[in-house]
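Please find the structures below.
In what follows, subunit A forms one complex with subunit B and a second complex with subunit C.
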Partner chain A sequence: MVITLFIIITIGFMVIRLMPGSMYADDADMTAAQMEILRAKYHLDKPIPVQYGIFLRDLVLKGDWGTSIKMYIGVPVFDVLKMKIPVSMYNNLFSLLISLPIGVLLGIIAAVRKNSIVDYTTSFMVVIFISVPSFIFATLLQYYAAFRSGWFPIIYEASATGFAKLHSLTLPIIALSLGPIARVTRYLRAELAETINSDFMLLARTKGLTEAQAILRHGIRNSLVPLANVVIPMFTHIMSGSMVIERIFSIPGMGGLMVSSINNTDYPLTLAVLIFYSVVSLVTVLVVDLAYGVIDPRIRIGGRHIE
Partner chain B sequence: MVEKERPILSVDDLSVSFRTYGGRVQAVRGVSFDLYKGETLAIVGESGSGKSVTIKAILGVLPKNGRIDAGSILYNGEDLAKFREKDFHKIRGKKISLVFQDPFSSLNPIMIVGKQITEALTLSLGMDKDKAKARALELLHAVGIPDPETRFYQYPFQLSGGMRQRIVIAIALASDPEILICDEPTTALDVTIQARILDLIKEIKAQRKLSIIFITHDLGVVANMADRIAVMYAGKIVEMGTSEDIFYRPAHPYTWALLSSIPDLDTKEELVSIPGSPPNMISPPKGDAFAVRNKYALELDFEEEPPMFRISDTHFAATWLLHPNAPKVEMPEILAERIRRYAEEKLANAR
Partner chain C sequence: MSNVYSPTDPRFAHLGPEKFRLRQTDAVLLDAKFETKPIGFFRDAAMRFAKSKISIVALIAISIIGFMAIVGPYMTPYGYNDQNLDYINLPPKIPALARFGIFQGTRVLQNRRVDGLSDTSRYPEGSIIRIDNRRVMGGVELCDVTVDYYRYMGIDDDVYFLFGTDYLGRDLWTRVWRGTRVSLIIAIVSVICNVSIGLVYGSIAGYYGGSIDMTMMRITEIIDAMPDVVVVTLFILYFGSGLISIILALAVKNWIGTARMIRGQFYRFKNHEYVLAARTLGANDARLMFRHILPNSIGPIITRAMIAIPSAIFTESFLAYIGLGIRAPESSIGVLLSEGQKVLLYYPEQTFFPAVIISILMIGFNLLSNGLRDAFDPTQRGTE
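Then we have the complex of A and B:
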């Protein structure tokens, strides 16, 4: 885990430094001497490996992530993140939390009523929601549910709290969730339909359980196990979707920060955002692995054997 | 054999077909048999001959694309072929139980085996939890599982194939059924384990006065088990008789072929496999379905389907060879020789 993170940081650092465009290159009102001083201050005059060494030293020994050098000049990037993360996480986690149960429910209905009108309708929606990118829905929602009808605010109201905040984030959350809901639905439908045809479902029925009992006790739980597999891609999907969605609804979150820090060649900030996303992904992987152990005895007990 | 008694299960002219993209698959085409109390009836035939479909129809668990086209399944004066899903709840597990082929897939991998047994008792019989557990432990003991208290809390993946099949048998016995249907219960197991599971089935049959339908593709497996044997081919029963009839006086060329394909440990004869493969059941051939693979086939076999000819009170076969006007055709000499040898051995053993 630490090693993975180290590799990500290293590659991230290198890629960011090798990006075209140099810091301050476009600042016409700066003299060459001023530029030299600034470059020296941020060690940009040194070879990249040396820069990397300095960065790592500060990070590990002082816990110093560096300071923003262009967008929030002089502010430690860590503080910038602290300001932005809650806004984004609010959206992303909310989206994850509603996508899972809704997707699971729709998947179950579609699988149990396989080849019925309900199933076909769901499958049709699934195809649409998976193939059309979320910013299209965001724009449509913004136009119809906010601009035309006025049900929701057109853009995020930063000052709102509590319910009003949720209200102003409803559209972005919906736009973010449609894709993930469709993914979960599709996955669970396939998984459950297969489980329903399995031998142990047949045995459950021939030993006297009703179809509903068999599906509830043997079908659903068994198809939830592999669902953990889609949670990771789902969460990264939500996060990448939110970069664009945040722009559309003017939400001052991580997505916007990532894009603008890259455009502004604010190296330390870009790197910090990158590290943040990596850590979140790694934590998701970890949580899913642990969850596997809880729901799947083959992993829980199999693991104990080896110890 | 318990003859004149009324059968407890009576299948009459059962036909089952499946809707597929290629057309209707006629998996079972007019199967009839009776099961008498306390007997073991074996249904034998190559894979794909419609054995599993027949028993799924009996238990009302046909796949969604399948349906019963004709025929009746009489049990206790009721026709199971006309049952709806909810009617089956008083039958499945409680009156008729099923043990099937693959103990690796027939248990839920993420539920402890004990619960898979008690579930049948608590959910469908309404037994309370403690009682159900006591009964499950009893059953585990009865099917020869050592240390039931520990095994109760284990998951299927912690048990061997033979153990799992014992668990499946325990589940099948949980609600004390009258009829146990075993669909190739040993096919997925090692030979040594096979023999033990067969012994177990024989033992519980005797103890519990069960009637058994035993399905297999291997005549050798049922030699010491079955009272009567039905030989099935391409969705039909082609020969039916007591174990003696089938092993010592086989009449249908398909039965001859099946018998010839049992490995014989005494001689070094080469195994005779049946040439060709079973017909496509979307458009079954006219006449005798086995004719194309049968070197004894008559011209008539390709034209018209043979009826069931009665050989004795217990023995029937559907082949034109039994027609009074048919040319005299004998079974292959190798097989006849083998049967003579077995008969002598048996006589010798009896003395």
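Then we have the complex of A and C:
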């Protein structure tokens, strides 16, 4: 995992530095001398491997991610990230947290009432919500629920706190959650429908449990086991989805930061954002691997107990 | 070779041919000859596919959009990049549908002064259709006016734009279908790329197994660990946002799934007896791989390609949204959506058409791939 991260950082750094054009090419009002001073300050006058060495040394030894050179001039990249990450995380975690229970609930209903009208409606909605991209929903919501009816603010209000903040985040969170809800629903429906037909469910019914008791105590618990492996990778999906959603609702988060840092050729910032996304997705993969063992000990591999 | 005894064999000459009697000459062959024609793999799948109505509907919807993507841009006299600053941001006007009260080319202008309505230099003859919501604010009487926007802008009656125009006066009908075409090309070509790479890679890893398999799979794991967003962004940053580089960027990571699937299929089939038989008859590795083992996976491959198409369309739009889409004058669904997004609150119809098309395409391809999966492999039915 560390090796992968290292490869990503290396490739990312090289790609960004090898891009055609200097970082200051478009600043016509700077004299050549000023340009030289700036280039020297950010080590841009050195060969690329040396630049990379300096970058790695600062990153590992001092925890210094470099300094933003265009958008937030002079501000350390780390401080910019510190400002932006909570905003994005707030959205993403929130949408993950609300999509889980709703998805589970819908999945259970669909599985229990299998082949009924409820099931068909749910399946139909699931297909739509999985297929149609989140930014289409975001656009729809923004137009109808915010602009036309005025129920919600059209864009995110950065200064708002408490309830008002939540209020202005409602639409982005809904737009982000629809896809994950549909995924959880579909997965749980398939899983639970299979579990309900298994022998131990028959046993549970035979020993006198009601249908509801049997499903609640035995069926759902067994279906939830594999769910973790769907939910955790979903977080990466939500993150990339939120880049567009943030742009639509003008939320000052990581997605917007990445877009504007690319457009403004603020490369230290771009690199840091890319590293951030890589770290999150690598951690996600790691968590899934660990979760396998924690949730269901039978799956634990490695053979520690085998003599 | 075993010995075949025949009446003409010189060793049996002393017995005479009459001693020989053919067995089974009077036995009746009870096997009836099949009256029906044999059904091949694809016929079988097609028959199963045709039973699912929803897949057929999806197929028809996709075909219509595909057809329009081919001929649509030529149906109007305007090119995809013909700018006309007299025709900016016009609403859609479809003469055939105007009788039913939709797409008449009207637009509501809000907060107009009532006393200005009779001014024919601002509101040409016959342009005002309805006046609503009269009110007095600050001593001035205001109202909302529904106008025939084409007349309001002083455009001839026989000029019409089916989907309206954008902020540069470009015909959106042409741009929408051209964009659909570009998006579909990007999606299909990138899927072909990723299936071809994944197919060869997965076949080699799966066929040879052992340390070759191990090494190849480690490589895919490393590539797979890199997040999609990062890989695609870096790729586009480095190679620029042309058609080819977007196509390749989409293929960079997606072939891994195909490769894994093919490898799994190879592990399933490579130890079957018929493979051994083919090997005994002298088939070489390449022939065994691609002629004998790979055709088993044709169903999953097609299904997988179908699933990959909507996700490629999605990624293309996603890139356009974050400003890494295809370059300016060219249009694609993502570009149209993100341009429409900027003027959503004023001219929602500019977002409407691309949004509908991308939604139909995504839903259609998802349903189609479900239908194909069920058709190719009925045992998978119902599992998602």
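The rule we apply is simple: the second predicted complex is superposed on the first by the 262 of 307 C-alpha atoms of A that agree within 3 Å, B and C clash if a C-alpha of one lies under 4 Å from a C-alpha of the other, contacts with A are read in each partner's own complex, and residues count from 1 in each chain.
Just so we're on the same page, a residue touches a chain if its C-beta (ideal position, glycine included) is under 8 Å from a C-beta of that chain, and two chains touch if they have at least 3 such contacts.
As the structure is a prediction and not an experimental result, all values here were calculated from the model.
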Which of subunit B and subunit C A:V75 touches, first, second, both or neither: neither
Touched partner set for A:L38, first subunit B, second subunit C, both or neither: neither
Partner touching more residues of subunit A, whether subunit B or subunit C: C
Touching partner for A:L202 - first (subunit B), second (subunit C), both, neither: first
Subunit B versus subunit C as contact partner of A:I98, first or second or both or neither: neither
Which of subunit B and subunit C A:L282 touches, first, second, both or neither: second
Doubly contacted subunit A residues - partners subunit C and subunit B: none
Touching residues (chain side subunit C, partner subunit A) in the complex: 222, 225-230, 233-234, 237-238, 310, 314, 317-318, 321-324, 337, 341, 344-345, 348, 351, 355, 358-359, 362-363, 365-367, 382-384
Residue ranges of subunit A in contact with subunit B within the complex: 114, 197-200, 202-211, 213, 217-218, 221-222, 225, 295-298, 301-302
Residue numbers on subunit A that touch subunit C, as the complex places them: 1, 3-4, 7-8, 11-12, 15-16, 18-19, 127-128, 130-133, 135-136, 139-140, 142-143, 147, 154, 186-187, 189-190, 236, 239-240, 243-244, 247-248, 255, 258-259, 262-263, 270, 274, 277-278, 280-282, 285
Touch list for subunit B against partner subunit A, complex: 59, 61, 63-64, 85-86, 89, 92-94, 97-98, 100, 102, 105-112, 119-120, 123-125, 155, 157-158, 168, 171-172, 174-175
